[in-house]
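The two complexes that follow have chain A in common; it is paired with chain B in the first and with chain C in the second.
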Partner chain A sequence: MRLAVTGGKGGVGKTTIAAHAHRLLGWTTVDLDVTTPNLHLYLDCEEEARSRVCLIGPEVDPDRCTLCGECARVCHSGAVIVGRSWDLDPGLCHGCGLCLDACPRDALTPREIEIGEVREYRVRETGARLLSGRLNVGDRRSRHLVRHLLDHTEDRPRLLLDTPAGAGKEVYDVLRAVDAALVVTQPTPAALRDLRRLLRVIRVARVPHVVLINQADLSERWTRRVEREVEVPTWRAPRVDDPLGSDELRDVVREALDGLREEAA
Partner chain B sequence: MRVAVMVEGDGVSARFARAPEIRVYEVEGDEVELVESRENPAAGLPRGAGRQIVGVLAQLDVDATVAGRYGPNALQGLKAQGIKAYIAEPGTDPEEAALKAARGELPEG
Partner chain C sequence: MRIAVLGGKGGVGKTVLSIALASELGAVLVDADVTEPDTPAYLNLERERDVTEVRARYAVRTDGCAGCERCLEVCPWRAVDDPIACDGCGACAIACPEDAIELRETELGRIAESREPELGLRVVHPETEPWAPELADIVHRMIPEDEDCVIDCPAGLGCPVIAALSAADAAVLVTSPDPAALHDYRRAEALTREFGLPAVRVLNRAGSDEREGFDVVIPEDERVLRAALDRDPGGLVHALREPARRVAELLPDGG
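After this line comes the complex of A and B, so read on.
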């Protein structure tokens, strides 16, 4: 089973809940919050490996290139411009490879364009792996890194995926790749608004899900609104002093995970 | 010298890549001749206009361009193509802007 922890709004406790879920399940876990990965800080772990993540872009052989411009014509992102010179902006390249195919003179050869890296950790408590994606600062190709991580872990039968905040394209890609989603929210107007948006994405992705209302005792009124509005089972988690060490919180996460498996069955 | 002036309305456009019109002038001494006027194919692009317009200007084989301001992607691309990027006050008469650009009397972006 592949399971995502998601939720829409940032700061509602997704990663804390993901850390509990990891410790309860002991599954390989992937931190897909590639611009601000931090699940490794929530779990006691040691880094074991690091690998670069690259796209394949073009490198030009100036002796063969006649500046015919075929590669620029097929370059959808505008990374390759050809006029008086052959010019690549590596930051705009999406690695589609069309330019390499289009060149009539074999003047282009594949080259690596780095967009980030993957750090692999071993979690001491569970012995399981944590993979953490890390996009290079300022790079705009977060979706490519998320996809790389999803492809890279495709063969694992049991996987826990911590998504970034929001309801954007990366979250959608993750939801399309999982069997079920644990949706974390809070009883606040902003969290409910983001939750609505996320649930629309979840419906498009057709993923079984349950909702965990974190810090439900913040507001009975807004907790009830969330419960009324979502059409799936919900769980209430209380505010606690030490969220990562709390047995009470862990028990709620366990119940929600059991409920999620029933929903997905 | 061939100069592409980015035009909006009747004057130099404040924007480079998304200006609606491109006018190409041939400048020799004091002679300024309009050789081509065309719609800017990059004007309506959702993204990446700054790069695409450089490709268009490279095809037009111009030596310089004039606009009110330039984006970073555009500037980098123009530099790689050896096209000088001149800045003129938005609304300036395009012909006058082309002449000043050819004489190097405008500031560069």
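After this line comes the complex of A and C, so read on.
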């Protein structure tokens, strides 16, 4: 089973819950929050390997290029500009390869454009791996790095995925790649609002899911509203002093994961 | 003056501080969290007008399709025939040898301008489907042209945050003291530096002994949480008035 831990609003405890889920399941885990990856800080782990993630863009041979402009014409992202010289803005390239195919003079060859890296950690408690995607600061291609990690782990039958914050296209990409989702929320008006939007995306992606209401004792009123609104099983997790060390929280995550497996069956 | 409020990690208090700061400065509040806009959950907004529609294109295969799958090869998201995943870039249409891709237009919502009567605050906020593409473009369209504004950035440091920083004159960096938030905060600080923006650094929900390297320290305050739960914008701004005032003073030209 491939399982996502997700939570629309930032700060509701998604990563803490993902850390508990990792320790309970012992599965390879992927941190897809690539602009601000931090699951490795929630687990006792050591780094074992690092690899660069690159898109394949064009490199020009000025001796062959006649400045005909064909490559710029097919470049939908505006990364190639041909005027009195041939210019590439590597930050805009999406690695589609259309320019490479389009050049009638064979003046373009593939080159790597780095967007970030993947760090591979070994988690001491479980012996399992954590793959952490890290986008270069300032790069705009987070969705490409998420895609890279999803493709890279496609063949793993058991996988835990920590999704990015929000409810946008990257989150949809992750949801499309999993069998079930554990949705983390909190009993506040803002978290409920975000939850509604996230559930919309989850329904479109048709993913079985359950909802864990973290720090449910913050507000009985808003906890009830969450429970009333969602149409799937919910679990209440309490506020605790040491969330990562708490057996109480761990037990709730275990129950929610069991419930999720039932939903997905 | 345009001020971007960012922090990297979610839940550190960006939105509540943005609301308090915009009230303090009498500036327009821009909610740049396009996929999960939260400001309406803290405020009692009265809608004034639609600023603009948000439209998008998506690619579908039509009758001329010969099934070669070239379009799927060039699409990084394999999003042909999937309007939710497609970002309308058009690469597949350029690649199709049969000219069989059609890019269809659809409306995904609007950018709205509302008023918070109690605070006298004007808010520009997105009301789109969460899967709207080109978030950076939407953020740019929300930023008013010649008015002061406070831009409340989403969690993370993706396109919308970069768009906000590229339009801003100054940044307010917010974090809480926990290690994960500080880790993300340092990445946010590095990004802000790339744009060469002056920044006010805020430590929110601080304990007693942490303050090194911060310009403004806001202690843990139950009143903020209560105001959020009660949807009491006046109470929220009241609880954060002092720190918001200090942030405003530290901004270039006092905001």
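Everything that follows uses one rule, which is that the second predicted complex is superposed on the first by the 265 of 265 C-alpha atoms of A that agree within 3 Å, B and C clash if a C-alpha of one lies under 4 Å from a C-alpha of the other, contacts with A are read in each partner's own complex, and residues count from 1 in each chain.
Heads up, the rule we're going with is that contacts are C-beta pairs under 8 Å (C-beta built on N, C-alpha and C of every residue); 3 or more make two chains touch, one makes a residue touch a chain.
Worth saying up front: this structure is predicted, and the values here are computed from it rather than measured.
Undergrad: Using the overlay on chain A, decide if chain B and chain C clash or can fit next to each other.
TA: fit
Undergrad: For chain A, which side has the bigger count of touched residues, chain B or chain C?
TA: Of the two chains, more chain A residues are contacted by C.
Undergrad: Thinking of the overlay built on chain A, is A:Trp235 touched by chain B (first), by chain C (second), by both, or by neither?
TA: Once the two structures are laid over each other on A, A:Trp235 reaches no partner at all.
Undergrad: So, does A:Tyr121 touch the first partner chain B, the second partner chain C, both, or neither?
TA: neither
Undergrad: Check the residue A:Asp87 against both partner chains and state whether it touches chain B (first), chain C (second), both, or neither.
TA: It touches chain B, and chain C stays clear.
Undergrad: Which holds for A:Ser77: it touches chain B only (first), chain C only (second), both, or neither?
TA: In the superposition, A:Ser77 contacts both chain B and chain C.
Undergrad: Counting only touches as set out at the top, which of chain B and chain C does A:Val137 meet: first, second, both, neither?
TA: second
Undergrad: Examine A:Val204 and indicate which partner it touches, taking first as chain B and second as chain C; both and neither are also allowed.
TA: In the superposed model, A:Val204 contacts chain C only, not chain B.
Undergrad: For the superposed arrangement, I'd like the angle with vertex at the C-alpha centre of chain A and ends at chain B and chain C, nearest 10 degrees.
TA: 50
Undergrad: Could you say whether A:Asp33 touches chain B, chain C, both of them, or neither, answering first, second, both or neither?
TA: The answer is second: A:Asp33 touches chain C but not chain B.
Undergrad: Aligned on chain A, what is the least Cα gap between chain B and chain C? Give it in whole Å.
TA: 6
Undergrad: Identify the overlap between the chain B-contacting and the chain C-contacting residues of chain A.
TA: 77
Undergrad: Could you pull out which chain A residues touch chain B in their complex?
TA: Going by the criterion above, the answer is residues 69, 72, 77-79, 81-85, 87, 89, 92.
Undergrad: Which part of chain B faces chain A closely enough to touch in the complex?
TA: Touching chain A: residues 48, 50-52, 54-55, 57-59, 61, 73, 76-77, 80-83 of chain B.
Undergrad: Quick check: in the complex, which residue numbers of chain A touch chain C?
TA: Per the touch definition, chain A meets chain C at residues 8-12, 15, 33, 35-36, 38, 41-42, 74, 76-77, 94-98, 135, 137-138, 140, 142-144, 147, 164-169, 171-173, 176, 188-190, 192-194, 197-198, 200-201, 204-205, 218-219, 221-222.
Undergrad: Residues of chain C touching chain A in their complex?
TA: Touch residues, chain C against chain A: 8-12, 15, 33-36, 38, 40-42, 74-77, 84-85, 87, 89-91, 94-95, 129-133, 135-136, 154-159, 161-162, 179-180, 183-184, 187-188, 190-191, 194, 225, 228-229, 231.
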